[in-house]
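One structure below.
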Amino acid sequence: MSVATRRPVALNALILAFLVIWVIAAAFPFAWTVWGSFKVEADFFSRQSWWSAIEGTRTQAQTGGAFTLAGYDGAWVKNEFWKAAINTLIVTLSVTLISLTIGTLGGYALARSGYRYAFWILIAALIFRAMPHITLVSGYMLPFFQLNIWGVLPTTIIVLVAINQPFTLWMLHSFFLSIPKDLDESAMVDGCTRFQAFRMVIIPVMWPGVITTGLFSFLLGYNDFAVTSMLLAQENQTMVPKIASFLGSIQNEGNVMFAVAAVVSATVPLFILVLFFQRQIVSGLTAGAVKG
Amino acid sequence: MKITRTFAAGAVSLAALLSASAAFADCGIQGAGSVRILSNDFEALRIINDVATSCATADVKVTANATAEHKNIQGPALTVNPAEYTVAVVANNSIVPLLNGDLIRPLDDLVAKYGASLQPNQLIKIDGKVMAIAFMGNGQHLFYRKDILEKAGVAVPTSYEEMLAAAQAIKDAGLMDYPLAASDKPGWDLAAEFVNMYLGTGGEFFAPGSAELAIDNDQGRKVLETMRAMTGFMNPDYLTYDANELNKVWDAGNVALMNQWGSLAGAAIDPAKANPEVAANTGFAAAPTIGGGTIPAAALWWDGFTIAKNISDADAEVSFQAMVKGISPETVAAHPDAATWLVAGYQPGPTAVGVIGNATGGARAYPMQPYMGLLHTALSTELADFIAGKEDADQALADVKAAYDAAAKEGGFLK
Amino acid sequence: MPHRTFFVFIFPSILAMVLFITLPILSVVVQSLFVQHEAVLITVENCTPFGCETQTRVDTAAMQKLQADQPMGQFAGFANYLNRNHLAVDEIGAILADNRGFGDVAARIFNLPFYKALSFTLVYCFLVTPLAMALGFAIALAVNTLPGLLKGPTIFVSILPMIITPLVGSLILAWMFNPSGILGATLQSLTGDPTLSLRASPVLTWIVLLVYGVWTNGPFSFVVFYAGLQTVPQDTVESAKIDGASRWEVTRHVIMPHLAPLATFVALVQLMDNFRVFEPIVGFSAEANATSLSWLVFNDLVGQDAQLFGSAASTSVITIVGVLILLTPVLRRTWREFNRKAV
């Protein structure tokens, strides 16, 4: 290690200050939401002053305590949010697994093919991605009803996989480009078929890229509103349309606190997921084979 | 007005009906088939869906889908044969696409056979045929703060002109900076404000018998002028206020007078949740009149159910019976405060005063013309600049007409 | 790679995309060229609980005949694209032919809904994309210097803005920016202006939306760049340092070129996503001052009572064309890279 790798104190301080500001900017709205989820709506969304959310005067008056679990109770117990949570789990896991399976195959092929049509497939995928989802979804409705496949989870999963495919292809294609060609080609020289080379040589080193891509597929399935709200019947609803239904409509009052409590509790599994996978994101890419 | 008779009749029969509600479990549905309900997602409809679902037997299968997206689902869902849903719960505006597409069936036979508990005014008749059965009413009406009006020394306003005067008096007395509020958020809400007031002027939106727009007149200008004058007494954020937001600023005690949905009146005085000082002083009245008009300037809304056309007659029969059970006087007697019901036996509570006031005052229903939705869309985007104070009334009306004409041509209503 | 192998590998992806994206897009393009049949109107008496009125309705029997003859409606060519609610060619022509100077032209063009939406869409797209990428890159560099123990939590916190459901995320942020919310009130006391409202004026509304855009898009760039940083060849960095390169020069000449392909990818995705900006407009109730192309599509399809399929289809196609134009530089770059690889 040369002397130059040690950072000057001033630079260290600058980096630290920047990170602290960013962490506050990123985390504060969320921390505020977690805090507010234990208050009543009149406090957290007070039109008088935000100080009510700290003091919780109306929470005190309505529930007799400074904190209340009413939001969580309303969402999870009274409105059976757990059903939506299970549906989301099914949808999200399926979308991630299917997207990645067919996406890695496709992305690998695109990265290794030198023919012009591979480029045009990538461009077409890009154009597909530009389409506003609402337009696509409103086009699905009639055929889905005719085929009698509307309202169920598998249809929604396939649609989300398809909508997500352009992104997955692009991202994995970029990652595979950074894996040296020599790796699989030397395996093929040794007598492997293309698929064997993919399985034996590429799969072991592709995980960091796959996990990063998977994270985005996961988020897409997890946060999607346009598709799930229009294509799922009530008993199959996932979390986001359920949360939207807590927000109320033009002529009817919703219960925003149910939505807030639902959002907070819906973030817990993500927290665990990221803590679990960040090791892979951090360590995996440095694992050796993947360089330049 | 028919509605007054309903409410009067309801008071008499209430006691008798309460005792009848014991026989709830068996709905006595004749025939066999499947009932599949599509509805919006709010309390009153959930109650009805639950009652209808409880009617399920070995022969009658009942499912319900309550979703805020119902308007977008109902078209394709009822177009296929057999339709995905046998029952679509609709309102003045959402029935129009179903009528335009010929997706719902006339109910006259079913009413004659199974509709004994329905009242004549519940029947929505299009060209003499019963196409829907209404069960609840709604509309925007006046919310006022008794204490503030008293301190400012003004009476409860009955017209928009009085409302503006009252706002001035409240402001002059130093009671509030921004005494008024309205759902002026560009989008569905803003357009609804215009429609309400324009209905109050007695004007017609379209030339008779055609889709030609006719709001570029003195009434149209009067409405815009009033809307603009009101914003002078509103919080500078008024452009972001929708109906749900109105209830919150009301609850915070920031507003003294506003027009708000009857279906949100209950929440404003709910002892469990509302601000007690504000709730105790909240009063409801019919919507104000406008420009010397005589009727409340607010559209009347009904919610009702329709039966799909593309289903078997057996399914239609059981669906109709299950829904009649769902909106029966027994249901209403068990949940009197869930809505302003149009059903026999309903005794209006304090939160229904405004909607009933609108109805008895002769307010007009939200129009059901096939192209009204297009006008609503045009208003929703084109009035934004006017209400923000960026353009004048003439320009706003010209913009609305241009946007509507383009949409109506696309819809085939204008050449 | 031989054609056959390539096809086998990519078949499932292609099948899914063709079925659920290509076909719907084709039908949307076709739909945008048609208007509905001329409606046959009849005047009838309608009775509701609130009285009877004479109104028009569509003669469904007559319409069914028209529909049976021509199921798509009337062919209209590009009428849907050119009418007043979209590209407004006639209106623009009239404005350009008769106006009172440049300010008048601009004001009148922005009065047209499509151009109002387009202007915000473009500003959002071109400001948020580079700013969010710069922010993400800075965070990635900074997090990379942290000791191992702090990395995990910082990474999690850094991607929070991306993982909160956008619908609720923008609602909560909007609430914090409200004059009585915590950020709005703090700004009021900082500026000493008690009437300051970030949601009342167009300029402030735009700024708030842009800030939200950077906040919520930054983490995406961060994750991709951070993953990319792990693959920077350390020996190159070392030798550059031995050659006396400063920290900045290493970043500029070693790290940034290494991340360039990823940056192309991020720019591509972000430009596209930002061109479709929608959620913040609804979440912040900013419709009065800012609309976007996606919002126009939303308003045509689900925001209102009447669904305008042809209009929504035209706006969607215009959106796609807009994205393509935006992406041309990036695409040309990709094309060059691709050709290099092919050789």
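Letters A, B and C name the chains as they come in the text, with residue numbers starting at 1 for each one.
Everything below uses one rule, namely that a residue touches a chain if its C-beta (ideal position, glycine included) is under 8 Å from a C-beta of that chain, and two chains touch if they have at least 3 such contacts.
For clarity, every value in this text was computed on a predicted model and none was experimentally measured.
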Going by C-alpha centres, which chain would you call the most central? C
Where are there more C-beta contacts: A-C or A-B? A-C
Of all chains present, which has the mean Cα position farthest from that of chain A? B
I'd like to verify one number: the distance from the centre of chain B to the centre of chain C, where each centre is the average of its C-alpha atoms, in whole angstrom. 34
Starting from the mean Cα coordinates of chain A and chain C, work out the distance between those two points in Å. 18
Just give me the whole-number Å value for how far the CA centre of chain A lies from that of chain B. 38
Set of chain B residues in contact with two or more other chains: 69, 72, 75, 188, 242
Junction residues of chain A - those touching two or more other chains: 45-48, 138, 244
Name the residues of chain C that each touch 2 or more other chains. 301-302, 307
Listed in rising order, chain B residues that touch chain C in their complex are 1-3, 6, 69, 71-72, 75, 92-94, 96-97, 99-102, 121-128, 134, 137, 185-188, 206, 208-211, 236-237, 239-242, 245, 300, 302, 342, 359, 363-365, 367-374, 376-377, 380-382, 384-385, 387-388, 391, 395, 399, 402-403, 405-407, 409-413, 415
The chain C residues in contact with chain B across the complex are 35-39, 41-53, 55-58, 60-61, 63-64, 73-74, 76, 79-80, 83-85, 91, 111, 113, 178-179, 195, 197, 199-200, 284-289, 291, 299-308, 310-311
In the complex, go through chain C and note every residue touching chain A. 1, 3, 5-6, 9-10, 12-14, 16-17, 19-22, 24-25, 27-28, 135, 138-139, 142-143, 145-146, 151-152, 154-169, 171-173, 175-176, 180-182, 185, 215, 219-220, 223-224, 226-227, 230-231, 233, 238, 241-242, 247, 258, 261-262, 265, 268-269, 272, 275-276, 278, 293-294, 297-298, 301-302, 307, 309, 312-313, 316, 319-320, 323-324, 327, 331, 334-335, 338, 341-342
Within their complex, chain A touches chain C through residues 2, 4-5, 7, 11-12, 15, 18-19, 22-23, 25-27, 29-30, 32-33, 45-50, 53, 101-103, 105-106, 108-110, 112-116, 118-119, 121-132, 134-136, 138-140, 158-159, 161-163, 165-167, 169-171, 174, 177-178, 194-195, 208-209, 212, 215-216, 219, 222-223, 225, 239-240, 243-244, 247, 256, 259-260, 263, 266-267, 270-271, 274-275, 278-279, 281-282, 284-286, 290-292
Which part of chain B faces chain A closely enough to touch in the complex? 40-43, 64-69, 72-73, 75-77, 79-80, 84, 138, 188-189, 192, 242-244, 247-249, 251-254, 261, 263-264, 267, 272-273, 275-276, 301
